[in-house]
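In the two complexes below, subunit A is the common chain; its partner is subunit B in one and subunit C in the other.
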Partner chain A sequence: MIVGKSIPRIDAADKATGRTKYTDDLCAKGALVAKICHSTVTHALVKSIDTSAAEAIPGVVKVVTCFDVPEHMFPTAGHPWSTDPSHQDICDRHLLEKHVRYYGDDVAAVIAEDEIAASRAVRAIKIEYEELPFVLDPEEAIKDGAPLLHETFPNNILKHTEIKKGNLEEAVKEPGLIKFDDWFETPTVQHCHIENAICFAWEEGGRIHVTSSTQIPHITRRCVAQALGVDWGLVRIVKPFVGGGFGDKQDALYEPLCAFLTTRVGGRLVKLECQREETFANCRVRHAIRYHIISWVRKDGTLVARKVDCWSNQGAYASHGHSIIAKGMGSIPQLYPCENVEINGWTVFTNIQVGGAMRGYGMPQVTFAVESQTEDIARKLGIDPLSYRRKHVMPKGFVDGFSKNELYYDSFNETLDLGAQYIDFERKFKEYQNQTGDIRRGVGMSVFWYNTGVWPISLETSACRMVMNQDGSIQLQVGETEIGQGADTAFSQMAAETLGIPFEMVHIVSNQDTDVTPYGTGAYASRQTYAAGMAIRGCAEEFKKHILDVAYRYTRMQPYLMDIADGNIVRTTDGRVLMSLGDLSLRLLYDMEQNEHLTMEKSTQIKSNAYSFGCGFAEVEVDIPMCTVKVLKAINVHDAGTLVNPALARAQVQGGMSMAIGYALSEKMLYDPKTGKLLNGNLLDYKLSTFMDHPELEVKFVENPEPTSAYGTKALGEPPALPLAPAIRNAILNATGVPLYELPMRPHLLFKRFSEEGLI
Partner chain B sequence: MYDIKALYEAKSVENAIELMKEHPEAKIIAGGSDVLIKIREGKMAGCELVSIYGLDELRGVSMAEDGTLRIGSLTSFSHITKDPLIKKYIGVLGEAVDMVGGPQIRAIGTIGGNTCNGVTSADSASTLLAWDAIVELNGPEGVRTLPLEEFYLGPGKVDLKSAELQTALLIPKESYENCAGFYIKYGMRNAMEIATTGCSVNVRLSSDKKTLERLRIGFGVAGPVPRRARKTEEEFKGASLEAGLPEKIGDAVLKDVEPRDSWRASKDMRLHLCSTMTERAFIEAVSRCGGEIPEKA
Partner chain C sequence: MSEKQYKLVTCKINGKERSAMVDVRASLTDMLRNDYSLTSVKKGCEVGECGACAVIIDGECYNSCIYLAIWADGKEIETLEGLTGENGELNDIQQAFVDETAIQCGFCSPGFIMEAESILRTGEIYTDEELRKLLSGHLCRCTGYDNILRAVKKAMNERNGKK
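Entry: the complex of A and B
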């Protein structure tokens, strides 16, 4: 078995020795440098732009402003396109904006011989604005008379949806119900991938070529073509190695603008690289979502009814829009099944930067809200939180009517067993209650809900190509992308497994090029081992069948008497090696009678989805006078089905846990209420957690093979980021008795809450 | 790519002064961990620089005959942390500068730069101030010295005259003898952090370890520039080490500090932290000096 082995990453040596080529490494010398002139106001109409001083700076080649770009609008979200106009992403972007909708919006761009000339020119551009009032909070933005961002969206509502089930009004009349009525606040945060957004573009052969650090080359091609108003085939996107994306690069970021700029300078090579400050202020962020959850509960903890209102702060443009909050809304009546629910969610435009995809896609927000209230319910009812969850969480056998997802195993209890045991939860939870003193300890937990891929909301598809070399090794190509998570290694293991060749004989073509790479939508929705897995297995099985068919010519054995094992054609009846794949491939390619180049390509649509569940536990130490929290121990336990590569899976989970610790305790983008400007858009002032802030990150797995999956796999990319924030919140509650309703639980919040509760 | 108009590399302190006289608009660059950031942000774009980074004569820690500790202005944070003289006599300074940024910044950042940038949050500043450090300056008029406290004029402003260069920080023997200290940096994370507020306390105890002979408290981010808690220091000079003393000192410093509200932290929170940090740093400093504060009855 090759699937299931912790094979070292195929890109490890090159990455460790600095040989791996990222986008910037591939940009030819002599490229022109583009820099963007960002607005220094939050909401305004651009009245005029004086570019004369900028154009006079030596080295400046061209200044392009919002008055020079096409009038039509385009979408940016990294979703599969839909042929149903009502399901298409919202087109609300221009390449440069005359109507500035957030502080830092793109107003003009400079193309220069070098970075210094470009920067000087950006500073020399003079812009006259007609300032408009702005609004930063979604509940304010929704009110009548609030500043309007987009004329076609009254009250700034991008979308409102409702989930209604049972009869809430009647259900809450049941005598003896206990009502929990809480508000939860989550922050705007940024992905902080190491490699900033970067791309370069040039024209050649009458087409526009763009090399970009993106998770979604095929989707980006479509977005670029839409933005420029050209046929989609006239655009080519190349995706080299990527230094992290976490969803930020699941969006067309500056590829459309860069592609446009090259057309303004006769197709010369133009590079557009975001500085770290631009990654913070001008790329995408995770939506801040506010929840108001009212739950009516019986004394035994049974949820009788639940009413949820939630507001997602979309920022200035639609990007991924309502999909984010909708995913969380859908999870609520599934994670803790409840017969009577009314869930309303609004995605609202405001004058902050644009919310897009970020690891977890709405689930970190809702998991914090729901799992915090779950803890409060258990606490108030005097039920220990572990037993409460075991009793009320989604049971084995649950089937969701819409997605047809099914919980085939007792995943929750199995993962809870491992997590509770590691943290010694039951003993410590009791021991830590009712502590006194300045320094107190606590344990907390959270379960999580996730699914895999985007079916049935959107198209799920992946395509795979295998090309055999004369030595019997193959090139493997898929549209699904390596962005640092280890996808290439997992894909190679899958191909080797099904085709029956050694792992070393699979040469994956890591870099996608939309001119040659089979269609795949890319890295998002924790879909790749599931979706690409099906494409790889389907392709490998057909390829194998074809190889055995042609092997007949040399072996004279019936195909059904042969198999491929360890790179050889073997006779299944007695296990004899008949010939190596290399011999076959070589003879066939140069066969003067009837030659053939062995290749196979297969496009696979996926019409299933899979639940991916588990839990997290944390132990914390709270220093009450100092208003600080130290995480002493943390564990995530996942049932992600079969693990293709356990060592990589473990690393993936640890990365997610690290992000969750920052989300829990320190990360928050702060906007000046007076100006709308982002205050802490750099790696010093934005408190990304460091490894000095982490305990040992423990990871355990339950491997229940997913029945619908080609290799038994299901989502593991995003779920790791879900449980720790609420687990830490619940651990602080266990330690101090103080419930928190807001992230991050940074010293500012603890100072406020401990003061209110009289602890300091 | 940095937008620098010209870079003049000084060959000696005298040469540096000459270069600054020749190029009055030029700024001094040492390790560059502040200057390069400002250039990148555009604030100092197109500037002229006089680099003193090659002046090894300004590097290292030494002791004069009278026992004065001399820290050359170009000495890096990581050097200070590892230096045997610092470890022996004012270990707390080595600990304080070990909390600056990350390893790369500590290797390039200098103690001279950390004080000449006039920043209230500088990790070295509160400790140097609490140990009555003296600044040595060299300029066209020759060498002069002044207490670090007087060197600070306002946020980002220090008493550097035209073409003048800071060459050393001096800690007199009287300042460190029989004395021990403790620094607490309050940040929002444990590395790569700028102090939300910082507190450096050092004490000298009587020979029987029962009485507080001298108390010195330095703060960062408790005012526009690093500052001392002079009133509190005076009030508790000669106090007996008795139960409740740390809390009293912690409360007392509130009249010495004047932090402000900012988006980084509220005034109330900083005031609370000033008290808490003083209390804790005091307990640690006493313990390092061989003293013990009795438990409350």
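Entry: the complex of A and C
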């Protein structure tokens, strides 16, 4: 078995020596440098731009403004295209904007011979604005008379949807119900991939070529073509190694602008590289979502009815839009099944930067809200939180009517067993109640749930190509991208497994090129091993069948008497090695009678989805006078089905846990309420987890093979970021008796809450 | 005011004497990447926050993005390329990063490995807490740092003859 082995990742040695080439490493010397002139106001109409001083700076080649770009608008979200116009992403972007909608919006761009000239020219551009009132909060933005961002979206509502089930009004009349009525606040946060967004573009052969650090080359190709108003085939996207994406690069970021700029300078090579401050201020962020959850519960804890209102802060442009909050809304009646629900969600434009995809896609937000209230319910009813969850969480056998997802195993209890045991939950939970003193400890937990891929909301597809070399090794190609998560290694293991060849004989073509790579939508939705896995297995099985068919010509054995094992054609009846794949491939390719290039390509549509499950536990120490929280122990337990590569899986989970701890305790984009300007858009003032900020991260797995999956796998990329924020919140509650309803749980918040509760 | 000024910078880079005319405003990161194609030196922030550009200068690890190229005159610079053997052999730290799954996207890895190299050259044995602090100038968003700590510890213990 090759699937299931912790093989070192295939790109690790190159990355350890610095040989790996990322986008900037591939850009030819002498490329022109593009820099963007960002607005210094939050909401305004650009009245005029004076570029004369900028153009006079030596080295400046061209200044392009919002008055020079196409009038039509385009979308940026990294979603599969839909042939149904009502399901297509919202077109609300221009390459540069005359109507500035957030502080830092793109107004003009300079192309210069070097970075210094470009930067100086950007500063020399004079822009006259007609300033407009702005609004930063979604509940304010939705009110009549609030500043309007997009004329076609009254009250700034990008979309509102409702989930309604049962009869809430009648259900809540049941006598003796206990009502929980809470508001939850989650922050705007940023992905902080260490490689900034970067791309370069040039024209060649009458086409536009863009090399970009992107998760989604094929989708970006379409977005660039839409933005420029050209046929899709005229655009080529090349994706080198990517220095982290986490969803930010699941969007057309500056590829459309960079592609446009090369067309303004006769197709010369133009590089557009975001500075770290631009990655913070001008790329995408995780949506801040506010929840108002009212739950009616029987004394035994049974959820009788649930009413949820939620507002997602979209920022200035649609990007991934309503799909983020909608994913979370859909999870509410599934995680804790409830017969009577009314869930309303609004995605609202405001004058902050744009919310897009980020690891977890709306689920870290909703998991914090729901799992915090779950804890409060258990606490109020005097039920220990572990037993409460075991009793009320989605039961084995649960099927979701829409996705047809099914909980085939007792995954929740199995993962809870491992997590609770590691943290010694039951004992410590009791021991830590009713502590006194300045320093107190607590334990907390959270369960989570996640879908794999986007079916049936969107198209799920993947295509795979295998080409056999003369030595019997294969080149493997898929459109699903390696962005650091280890996809290439997992894909290679899958191909080796199904074809029956050694792992070393699979040479994956890592860097996607839309001219060459078969169609696949890219890295998102934790779909890689599930979607690409099906394409790889489907392709490998057909390829194997074809190889055995042609092997007949040399072995004279019927194909059904042969198999491929360890890179050889073997006779299954007696195990004899008949010839190696290298022999077969070589003889066939140079056969003077009937030669053939051995290759197989297969496109696979995926019409299923899979639930991924698990839980997280944390133990914390709270310093009450200092209002600080230290995480002492943390564990995530996942049932992500079969693990293709356990060591890589574990590493993925640890990264997600680190991100979740930052989300819980320290990360927040701060916007000046007076100006709308981002205040902490750099890696010093924005507090992501450092080496010092969390303990060793424990990871355990329950491997229940997913029945619908080619290799038993399901979502693992994003779910790790889900449980620890609510688990830490619940641990603080256990330690102090103080429930918190907001992230991040910084000293600022703790001071306020501890003061309110009389602890300090 | 805006006239470019160039200076000749002569320094030893990965064991070899090198000279180049560099813009006096250029950072050492710029010089190593642009003049010597040493692309292991990564740009993550260019203001000394992330550590991706770390190189060893006269035995000490620095963020090369906030170190002027002209300051390198007469110095001995080591980049990740210099740790790798002539035939592409990984050194012990590089190998430990591979073995301990300490690399994901790989963008922060060069900085971490150079930092680890400078830490381990002291010959000291550090506790986990000390190592965490010594490595804390480097940000990683993929790994959660655990496997990086394991890798550095493993190499440290091996260099010091401990298992």
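Keep in mind that, in the parts below, the second predicted complex is superposed on the first by the 760 of 760 C-alpha atoms of A that agree within 3 Å, B and C clash if a C-alpha of one lies under 4 Å from a C-alpha of the other, contacts with A are read in each partner's own complex, and residues count from 1 in each chain.
By our rule, contacts are C-beta pairs under 8 Å (C-beta built on N, C-alpha and C of every residue); 3 or more make two chains touch, one makes a residue touch a chain.
These numbers were taken from a predicted model, which means no experiment stands behind them.
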Subunit B versus subunit C as contact partner of A:I439, first or second or both or neither: neither
Subunit B versus subunit C as contact partner of A:V516, first or second or both or neither: neither
First, second, both or neither for A:V242, with subunit B first and subunit C second: second
First, second, both or neither for A:C192, with subunit B first and subunit C second: second
Subunit B versus subunit C as contact partner of A:M692, first or second or both or neither: both
Which superposed partner A:L648 touches (first subunit B, second subunit C, both, neither): second
Subunit B versus subunit C as contact partner of A:S658, first or second or both or neither: second
Touched partner set for A:A12, first subunit B, second subunit C, both or neither: second
Touch count on subunit A, higher of subunit B and subunit C: C
A:T20 touches, of subunit B and subunit C: first, second, both or neither? second
Intersection of the subunit A residues that touch subunit B with those that touch subunit C: 116, 120, 683-684, 688-692
Subunit B to subunit A touching residues, read off their complex: 1-3, 42, 45-46, 186, 188-194, 196, 263-266, 268-269, 272-273, 276
Of subunit A, residues touching subunit C in the complex: 6, 8-9, 11-22, 24-25, 29, 57-58, 116, 120, 191-196, 241-244, 246, 275-276, 483-486, 647-648, 650-652, 654-659, 682-684, 688-692, 694, 696-697
For the subunit C and subunit A complex, residues of the former touching the latter: 2, 25, 33-34, 38-47, 49-50, 52, 79-81, 83-84, 88, 90, 94-95, 97-99, 101, 103-110, 113, 132-133, 135-136, 138-149
Interface residues, subunit A side, partner subunit B - complex: 114-116, 119-120, 123, 625-627, 666, 670, 672, 679-680, 683-685, 687-693, 746-748, 751, 760
